[in-house]
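Here subunit A shows up in two complexes: once beside subunit B, once beside subunit C.
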Partner chain A sequence: MAFTNEQIERYSRHIILKEVGAKGQKKLLNASVLIIGAGGLGAPAAMYLAAAGVGTIGIADADEVDLSNLQRQIIHATKDVGKAKVLSAKETIEEMNPDVTVNTYRTFVTSENIMDLIKDYDFIIDGTDNFPAKFLINDACVMAKKPFSHAGIIRFQGQLMTYVPGEGPCYRCVFKNPPPKDAVPTCKQAGVIGAMGGVIGSLQAMEAVKYILGVGQLLTGYLLTYDALKMEFRKVKLPTKTDDCEVCGANPTITELIDYEQAECDGVGL
Partner chain B sequence: MADFIIDDTVDITDVVCPTTFVKAKIALEELEEGQILSVKMNDGEPVQNVPRSIKEEGHQILKLIDNGDGTYDLIVKKVGD
Partner chain C sequence: MLITVAGVKKEVKDDLTVAQLVIDEKVETPQYVTVTINDEFVESRDFKNTVLKDGDTVEFLYFMGGGQ
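What follows is the complex of A and B.
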């Protein structure tokens, strides 16, 4: 595949980089990333990956755009209120970059559909807003041997980690099980500063880009936390021992996907 | 009598900075180490900057030929992969 002059110009700031070059840009154009949740995290992640020329972007979300989403979900606009988020996201991406093919899945992820959703993608971005989905994505990616970026945001705080099969702990190694129902407030109850999705979702896009290019060090084996009020980033080293993990350990006891019960107020896109 | 054999050519007279360099860089990436690329460029800004940028990437400039029509052919030997 040869670049057109338009592509050379569009991606020139990438191609100039030693770590990218024409070969790297071709890798991006040939790559596929699935974004689960077109909300606060998924919106900036999808937009940066689209602008970067990631050739195939999948977006899974069952929700419609709500007016209260627009304070942070920058892929959607006022005119999109009431529209399916996957459709709104697809329209924005197509306006941004015609090189990108967008696949939409208007569904929540469940134990029934997730293996099928992730199977054709090189990298998965967890942009969901609830623990059942986060554990489901983790377990499915471990079982299917897919790399993914986990992230969560609330109030003025955010966190993320990257899982690559065989290269460090998974989300369940660190967090074991979902917290009791309603023990942790959701964004809907607790609020979240809009730019937090931008900071953390953009870092997720950066991890996906680095994974595709095969450059630098990924956030495997570490949890990065961000406290915006204190303006503090902390890169916390995670335990390297994963043998006894229930899903990615030597003798996994979780061999089938679990649909944990959602808290009452969950399910509104972050 | 040429003292080199050109393996590939690229015309960057149809684009402007920084696409000029990017187009040349892409053409170089497609070559094997030691192969020779001829880059056709306009006088002025391209001829000032493109050879320098190519040199910074570690490649070897063999010759700059003035075509006498406001264009130049820059002969570059690829170094490294």
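What follows is the complex of A and C.
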């Protein structure tokens, strides 16, 4: 596949980078990333991946755009209130970059559909807002041997880690089981500063791009934490001994996907 | 003795347990925090009987569920 003149110009700031080049840009155009949750994290992640020329972007979300989303979900606009988020996101991306094919899945992820959703994608981005979905995405990616980026945001804080099969701990290695419903505050209850999604969601896009290009060091084996009030990033090393993990360990006891009880945050247009 | 908590060096009393450190550090939702000492997980049921040693590095990893 040869670049068109327009593509050479569009991606010129990529192509000039020695870590990308024409070869890397072709990798991006041939790559596919699934973004689960078109919200605070998924919006900036999807937009940067689209602008970068990631050729196939999948977006899964069952919700409609709500006015209260627009404080941070920059892929949606005021005119989109009431529209399916996946549709609104697709329209924005198509206006940004005609090179991108957008697949939309207007659904929440469940144990029934997730394996099917992730199977054709190179990299998965968890942009969901609840623990049942986060554990489901983790377990499914471990079982399907798919790399993914976990992230969470609340108030002025964010966190991020990358899972690559065989290259470090999974989300469940670190956090074991979802906390009981309402035991840990959600964004809706606690609030979140809008730009937090921009910071952390963009970092998720960065991890996806690095994975596709095969450059640099991914955030495997580390949890990156960001405290915006202290303006402090910390890269916390995670334990390497994780062979007792219930899903990715030597003798996994979780061999089927689990639908945990949905937390408060879920399904209400957050 | 001197330990490092979330990247900050701290002088603490000898025989400090993880359970007491969690209180001293005002950890939010302490029953759901993941603790590592020197890059190894400490099970929450062991917080009470895990005594910190001079030079230990402790990290608190918090559930962060938001995203949408």
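Methods note: the second predicted complex is superposed on the first by the 265 of 270 C-alpha atoms of A that agree within 3 Å, B and C clash if a C-alpha of one lies under 4 Å from a C-alpha of the other, contacts with A are read in each partner's own complex, and residues count from 1 in each chain.
Going forward, a contact is a pair of C-beta atoms (placed from the backbone, for glycine too) under 8 Å apart; a residue touches a chain by one contact, two chains touch by 3 or more.
Remember, predicted model here, so these are calculated numbers, not experimental data.
Number of subunit A residues touched is higher for C, counting subunit B against subunit C. In the superposition on chain A, contact of A:Phe3 is made with subunit B only, not with subunit C.
When the two complexes are overlaid on their common chain A, residue A:Tyr260 makes contact with neither subunit B nor subunit C.
Judged by the touch definition given at the top, the superposed model places A:Ser12 against subunit B, while subunit C stays out of reach.
Within the superposed three-chain model, A:Ala22 lies in touch with subunit B and out of touch with subunit C [touch as defined at top].
Once the two complexes are laid over each other on the shared chain, residue contacts for A:Tyr105 go to neither subunit B nor subunit C.
In the superposition on chain A, contact of A:Leu41 is made with subunit C only, not with subunit B. Legend: residue contacts after superposition of the two complexes on their common chain; A:Phe156 is shown touching neither subunit B nor subunit C.
Within the complex formed with subunit C, the subunit A residues making contact are 37, 39-42, 63, 69, 73, 126-131, 134, 151-154, 157-159, 174-176, 179, 183-184, 186-187, 190, 192, 197, 223, 234, 236-241, 263, 265, 270. Across the complex, subunit A is touched by residues 6-7, 29, 31-32, 34, 36, 39-41, 59, 61-68 of subunit C.
By the touch criterion stated above, subunit B contacts subunit A in their complex at residues 14-15, 18-19, 21-23, 25-26, 29-30, 57. Interface residues of subunit A facing subunit B in the complex, by the touch rule stated above, are 3, 5, 8-9, 12, 15-16, 18, 21-23.
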